[in-house]
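Dumping the structure here so I can ask a few things about it.
Letters A, B, C and D mark the chains in the order given here, with residues in each chain numbered from 1 onward.
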Amino acid sequence: MTIRTTVWGENVHERKNQVVADIYPKGMHTCIADALNADAGITASTVTLQDAEHGLTEAKLAETDVLVWWGHAAHGDVDDAVVERVCNAVWGGMGMIFLHSAHFAKPFKRLMGSPCNLSWREAGERERLWLTSRNHPIAAGLPDHFELENEEMYGEPFGVPEPLETVFISWFAGGEVFRSGLTYKRGAGSIFYFRPGHETYPTYHDANVQRVISNAVKWAYNPATRIANPNDAPNTPVDKALEPITERGPRLHHDGEAGYR
Amino acid sequence: MTIRTTVWGENVHERKNQVVADIYPKGMHTCIADALNADAGITASTVTLQDAEHGLTEAKLAETDVLVWWGHAAHGDVDDAVVERVCNAVWGGMGMIFLHSAHFAKPFKRLMGSPCNLSWREAGERERLWLTSRNHPIAAGLPDHFELENEEMYGEPFGVPEPLETVFISWFAGGEVFRSGLTYKRGAGSIFYFRPGHETYPTYHDANVQRVISNAVKWAYNPATRIANPNDAPNTPVDKALEPITERGPRLHHDGEAGYR
Amino acid sequence: MTIRTTVWGENVHERKNQVVADIYPKGMHTCIADALNADAGITASTVTLQDAEHGLTEAKLAETDVLVWWGHAAHGDVDDAVVERVCNAVWGGMGMIFLHSAHFAKPFKRLMGSPCNLSWREAGERERLWLTSRNHPIAAGLPDHFELENEEMYGEPFGVPEPLETVFISWFAGGEVFRSGLTYKRGAGSIFYFRPGHETYPTYHDANVQRVISNAVKWAYNPATRIANPNDAPNTPVDKALEPITERGPRLHHDGEAGYR
Amino acid sequence: MTIRTTVWGENVHERKNQVVADIYPKGMHTCIADALNADAGITASTVTLQDAEHGLTEAKLAETDVLVWWGHAAHGDVDDAVVERVCNAVWGGMGMIFLHSAHFAKPFKRLMGSPCNLSWREAGERERLWLTSRNHPIAAGLPDHFELENEEMYGEPFGVPEPLETVFISWFAGGEVFRSGLTYKRGAGSIFYFRPGHETYPTYHDANVQRVISNAVKWAYNPATRIANPNDAPNTPVDKALEPITERGPRLHHDGEAGYR
């Protein structure tokens, strides 16, 4: 049994920008999926924005254990119904990894409940990621720090909720820092945000970056059965109460009635 | 200087249901605001769903330090534009308190990023709230536990993100437990969820409940100037970098261009 | 490769109290280890307070992936040197599970940095544990709640730090609640506290309790190499700095000198 | 009513090292206390390692709302009984601020339960602190970043537990990052760790640093009555149970007996 991983790629700059196309001739999503498939425990496939329903049908999500998301130029083109479907899958137990500019992707903002904003600079400067949680499974096999010679800068304050754990913090040559690896849980789903990956640099060809992503897929994977209706708010009637109680006082609801939403 | 607090009331059952009207003849929002106004440090006003823009205009939010929200029967009637406006105010630094059935209110779900679901039973059973964070400011002046003789039951699992702090946990006569007081921060805004307050019981007349809410208003109050654009993602150009760096490699963006959203 | 688990038992009441001896004729530690050994992924052994160095020599800890600890009557008899050794192993990456009255065990208090106190009552009352983090790996295969017909009560406020995650909360027939399953990380080591297990009741024969403990062992297991010196505070000399810098200003320390402790 | 703040100074290098003595002729503790006393809401006094009981008698702690601690060369000289007394005061509700090299102070290590280690370099390099939690009260009145031209470097991984909130992260010229402002709660006491303050640089004369420390004192201050015995684990007898229960099964303890420790 391998972890069924779907890499969602926006697939816009790969087709419009020659620099990006040269680095990722088959698209960033394919580069990421190829790296994941090099791990015997992972089976990765790809879908893109241009696919019907952006490739994220109910059927596809049902057979996705972990979803990896990269987007940048076309966040607004992602259909709200697909966003809701993705969030439901996360709440039901699907793991999800958001990469780099996906900090402004609709599902990330929806799952964080916060602005997810930051400062940025596109200067190809050096980024150095430091591990802040020793022996964290997402950092397995990695040194205490590693470098990317050319990256876009993202700077604090990063408008996300306090994470469960801060796993990486980045140093940038221009003087900024950024929380680069953050874990969350929403409903039954584990979420990891990982900063690197500007499309004009060969970041997803980097062995350390690939290792982080494959580690994160394993970390986010939950073998439990997906929760069918993660929004369900069941009524427990008085006669089914675990301890014997007697109904008292006035009621709004009739027996068996659904609650308000 | 007092804390300018706005109590938002759905104001539906108070007008349609005689039981509720008898308990809260001026509406639940007025009962809550009256209790807050008994505290010399707080000035509370009320708005309701039926007001234009639900009473939550930009002007009203600009003069609201802390917003208290109670809703139940008409979550779906709250305009999405108002929800976005409220969330922006929170992200900019406005404190916010969500009461009871507001666990399914649009702004709560939007700020949590999770289903916010639970199990429930309307049987007028006993609820006992236990303090889990000693000397927490939201529990100031309260004993380690207090009771509400008649309340609706809410049971775990409660579909919210892991909080910054769990302040209260409830025991119910029918056998359930529930995390009843939870703190969060979203953007610059502090958020408190407080469980009690089913409309067919006189919960908001209870002195301990009133004390929790006024404590929470003080806890959530942030005297800092509201952040004007809490979603802003500023570009820091190379020549303004804090450390001298030289631009390297290809770019997607021109100088001064806004980033993608 | 199985997870090498060591169950540390105080082994006092099993030998002095007939009730306990009748429930756990081979000791509580053996009952727990037997249940763990029923899982094909775990190999459990036992050591007790009465063993030389309480059974926790450097050699034993070096071959322990996860340590399970139960103690009650003889917390004070645990040698401080062994406590420090155990904490160092945790900081280096060993997982650790503390059971029930181990809330007052020396290594738990040392690792928490807090009083770890609570209220209690020994009345054989019903305890019901509720899951608060859906699909959490420690709850794998368990329902949303399960019961222990006779247990000692532990009540809030529980004097522990805010956990990474609250996994279970207990309901007690006498009216109290308690955070019964809590996760922490200290250094590179994952820690789980699990409440049930008073020695006069057959709790560790319960299938759900056994399942939680074996799940917790798997959750706490970290395959990374143990950190040799988890307290090391290395000096990074100027000429080894990752970015070229020039020494400026006065110094306290000579090159290569160790820092103060 | 002002916040009664005690600044504990090790007061060793100020007397032995001419560089330090020149920067802090009255000792670092006096410099810090003077800055705090400039705030109308704070009344600060000083004590040192050399005072009887290091100046931290029960009487002094009883009239201390917030304790600020700086130590470096003589951590080992701090009496364990005083450490325990300080921790008890924190658990009872006293606020506490640990500065810079106090990461290895006995009470900090005791309260964290972790190694508290880090990497370091004494090269007078530039440090830039970035705010990571917008409008946090500890950052009131401060910009999103500020600099110290000469500081000792502290680098990740920092061996502390995941904090309640990360407030600041530092960038260092030599290429490292460090979580420089971290909040915790232990028992009823709020704790803040703040990184800057190497004794050979004039850090505590810096207006931004002074502002952080006075903000932190206000944040850590808890007006609630100090908990008299923060380690108390009271027995709740069956006949005092909040819900009527009948004693069942065997017992270890007689009525009114204290629990084991």
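The rule is simple: a contact is a pair of C-beta atoms (placed from the backbone, for glycine too) under 8 Å apart; a residue touches a chain by one contact, two chains touch by 3 or more.
Nothing here was measured: the structure is a model prediction, and the numbers come from that model.
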item	value
Farthest chain (mean CA position) relative to subunit A	D
Chain copies touching (subunit B, subunit C) - same or different residues, decided at half shared	same
Intercentroid distance (Cα basis), subunit C paired with subunit A, Å	31
Centroid spacing, where centroids are CA-atom means, of subunit B and subunit C in whole angstrom	36
Interchain centroid distance [CA atoms averaged], subunit A/subunit B, Å	26
Contacts with two or more other chains, residues of subunit A listed in rising order	128, 133-134, 155, 159, 162, 164-165, 173, 175-176, 185, 187, 230, 242-243
Complex contact set, residues of subunit D against subunit B	93, 128, 133-135, 137, 140, 145, 147, 164-165, 173, 185, 187-188, 222-224, 227, 230, 242-243
Sites on subunit D touched by subunit C in the complex	13, 17, 19, 72-76, 87, 91, 101, 104, 110-115, 117-125, 150, 153, 155, 159, 161-162, 164, 173-176, 184-187, 199-201, 230-238, 241-243, 245-253, 259-261
Residues of subunit D defined as touching subunit A within the complex	128, 130-134, 144, 155-159, 162, 164-166, 169-172, 175-177, 179
